[in-house]
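Chains here go by letter, A, B, C and D, matching the order in which they are written, and residues are numbered from 1 within each.
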Amino acid sequence: MPEPLRVLVWGENRHEQRDENVAALYPDGMHTTIQRGIEENLGAAATVRTATLDEPEHGLTDEVLAETDVLVWWGHAAHDEVDDQVVDRVQEHVLAGLGLVVLHSGHWSKIFRKLMGTTCTLRWRNERDRELVWTVDPTHPIAQGVPQPIEIEAQEMYGEFFDIPVPDELVFVSNFSGGEVFRSGCTFRRGHGRIFYFSPGDQDYPVYHHRDVRKVIANGVAWAYTDRPARGIPVLNRHAVGEFDA
Amino acid sequence: MPEPLRVLVWGENRHEQRDENVAALYPDGMHTTIQRGIEENLGAAATVRTATLDEPEHGLTDEVLAETDVLVWWGHAAHDEVDDQVVDRVQEHVLAGLGLVVLHSGHWSKIFRKLMGTTCTLRWRNERDRELVWTVDPTHPIAQGVPQPIEIEAQEMYGEFFDIPVPDELVFVSNFSGGEVFRSGCTFRRGHGRIFYFSPGDQDYPVYHHRDVRKVIANGVAWAYTDRPARGIPVLNRHAVGEFDA
Amino acid sequence: MPEPLRVLVWGENRHEQRDENVAALYPDGMHTTIQRGIEENLGAAATVRTATLDEPEHGLTDEVLAETDVLVWWGHAAHDEVDDQVVDRVQEHVLAGLGLVVLHSGHWSKIFRKLMGTTCTLRWRNERDRELVWTVDPTHPIAQGVPQPIEIEAQEMYGEFFDIPVPDELVFVSNFSGGEVFRSGCTFRRGHGRIFYFSPGDQDYPVYHHRDVRKVIANGVAWAYTDRPARGIPVLNRHAVGEFDA
Amino acid sequence: MPEPLRVLVWGENRHEQRDENVAALYPDGMHTTIQRGIEENLGAAATVRTATLDEPEHGLTDEVLAETDVLVWWGHAAHDEVDDQVVDRVQEHVLAGLGLVVLHSGHWSKIFRKLMGTTCTLRWRNERDRELVWTVDPTHPIAQGVPQPIEIEAQEMYGEFFDIPVPDELVFVSNFSGGEVFRSGCTFRRGHGRIFYFSPGDQDYPVYHHRDVRKVIANGVAWAYTDRPARGIPVLNRHAVGEFDA
């Protein structure tokens, strides 16, 4: 892993401007709160920047992406406003080795749905359920340093069936007080990129101030790093007999 | 699938003889109740016999196993009384193609632990939790014909971390009213044998009378069938160049 | 499984019209040869139709797809000519339960890439390699009734790295005489749909006349069937406490 | 990861004493050659010791295992001479967090078979096949720093079907010049322990002097490390409502 790891937190940054309760919970924006949680855990091992929807090209130019090791994604109310060309660009970078951490309502983002190939729909209810996040893969790097279970006092409920491909690794499963379960921590490899989806977190609750949630996000960021192959984005390769890559 | 499928339900049959409440719930023995649930769902497509711990060789002679397509296993209080030679014999048959459905406290049986290679420990509490069994793999044959979720009013709690290998397929995840989650329906392939572990079911509750639980067990039995390869149990194979099996 | 299973073989049908050697190998079109291989193996259990690129809407109207249980896809030279709206429509049907069997150069089709989320690139060489297709999951329904290995005398080479998500199940791995390996039989679940990718098959070789290749394709078709859920394509579901689907 | 990582290479050390050609290839013993390959790659980040079959308790006392982070295992001619109690002890340590790297003919060792639950049989031939080791998971830490493919001029052939559980991760697949394929690099999690099986390597060929093979083994050692949970080996846990581990 290079030091420092170059992390970019992308936030939609709309709820913070129009919903009073969100602004109260996240006065500097959710993306900034997420950024600080990563900095708090990774310290000098990472430099963490932010970008938001309303910047030109949503702050996700080819140059910015080329200088990013891991991208963290939070969106909710304005998924449709994300430009298709930017989504294609992010996908290309992920397939070429950019790490991606998708948070909560980001399950419904264009980029996540495009990388999964499924609807990414789920069951939900916003009525202050208690969420308990249980580790089912105790040696996974993403699960280190958090209690069994992580307790989140008040949360939006996300429940099964969650329409994703079978995850490569299932790290966390959540219990909601209303009776539901959810595969809340899942990893996927797509091309040379590693993807971690983590569901806790919502604009209506102070979840990104929760110590253990911050720890998991930072763990996910560190895990999602991979070397980008020098040869760049793979293409169709014609090879003569005995002509290997070595 | 041959018709009829030859199914053998193995029951420990001890609680039924010494615990009044168990005898009241299962007057003909738990194994008989499980047998009837399979017959009820598979009808003429299966012939279902039973065997119990106190029979000679626990009713699991080589001849019996050779004439069985799928074995269903329930044990709890007397795992240690199961003879190691019989366990080795069952393992050999599973690896050669015998299907195996392991129920509830069978997670701690010698045969399941031997096939898994892990401790198969879990978290538990016997205090009438409500269990909700959620399907997370909706096209899996084992999940057909049951509601989302299956509701079991009163149950022993089984919770994570469940110390098993990562399942080949995760079909069900349970929510318990006390706050736990559990990977309650898991499949594994071992050699030529298919294994389904399903956790609902306990001697202290009428779970094996539950319509949906019976349906899942019958689905699991049908799924676990495989042709036993004609060549018998595989051995180390030395092959000359160009000498294949075709 | 309903009887008969409604199967639709989609073929690009271009090489057959412009390449003499292809026309000689497949005088009635590759799609027809594939159709006959399925009929030969599934008999009365299936009705198999065909559709081709040059039909209106490529023969893949909403009505046709709604009356299809499993779609088989072969394309190569004209992937780009497949209309994006038709691709979106096929994806919607797959996510709602349509089975999909993708053959050989179909790895590079719009529909497969869209469902996978990756580039689906691979290594290749068209110089008459011998391909040996080894079964690595001997109890899988798709691997029944074929020799170990399947021998294909002359083939285009497809080699790793194959840029797909980790398959849910790896059924076949191929050896090429030039030294490459390939994950040649892979299954994926996407939404309510089951997908089987099988790589043997090329316009320049008589691979779809090969008895074992035909058997595998027919097995794949039977395996890919699932009940389409009555409720149709899933959407975002808001549920009150205690309001389940049961 | 602690520095230095405490690695123990266990070698059977019998072929070296009785076979002239093996002694010529590995004058200091295969275990020493493997040890040096790890030291060469991990440098100061690891301290690497060795132990052999003929030491008391095979050099694998409880004290030694408790002070080991990752155990590397090579055996072949004398699997049966390994004491069952020592095997049970190693299994307990693996389930409690000891990393395990199993090499080549170690597939047939008591410890590997016990952890897998299957026969671990395979197809083989010792006639100087060329082996090409292809990476199928290019971002996996174990696959870093080696060419695509790794070329091994002369090798014993190991082929499918390899009777192991489906690996958690498939990292390498090998092509043999005789036509076979083999899942040559596989990971498994068992309890708190991580296991890596890597098939290249044989007493009759200088495989453990091969630069890339040494790199993969060192990568596997680094990958297999996990923190051993402070609570020790897990046991059956009874928990009251609301009594979690936090």
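To be clear about the criterion, a contact is a pair of C-beta atoms (placed from the backbone, for glycine too) under 8 Å apart; a residue touches a chain by one contact, two chains touch by 3 or more.
Quantities reported herein were computed from a predicted structural model and do not represent experimental measurements.
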Self-check item: Pair of chains joined by more contacts [C-beta pairs], B-C or A-B
Solution: A-B
Exercise. Please determine the option from B-C, B-D or C-D whose contacts repeat those of A-D, over half of the contact pairs being identical by residue number.
Key: B-C
Exercise. Between subunit A and subunit B, tell me the centre distance in angstrom, where each centre is the average of that chain's C-alpha atoms.
Key: 37
Practice problem: Please work out the Cα centroid separation of subunit B and subunit C, and write it as a whole number of Å. | Solution: 34
Quiz item: Going by the touch rule set out above, which residues of subunit A reach two or more other chains?
Solution: 132, 137-138, 148-149, 159, 161, 166, 168-169, 179, 189, 244
Self-check item: Sites on subunit B touched by subunit A in the complex
Solution: 130, 132, 134-138, 148-149, 159-162, 166, 169-170, 173-177, 179-181, 183
Quiz prompt | Touching residues (chain side subunit A, partner subunit D) in the complex | solution = 97, 132, 137-139, 144, 147-149, 151, 168-169, 189, 192-194, 226-227, 229, 244-246
Quiz item: Which subunit A residues qualify as touching subunit C in the complex?
Solution: 91, 95, 108, 114-119, 121-125, 127, 159, 161, 163, 165-166, 168, 178-179, 188-191, 233-242, 244
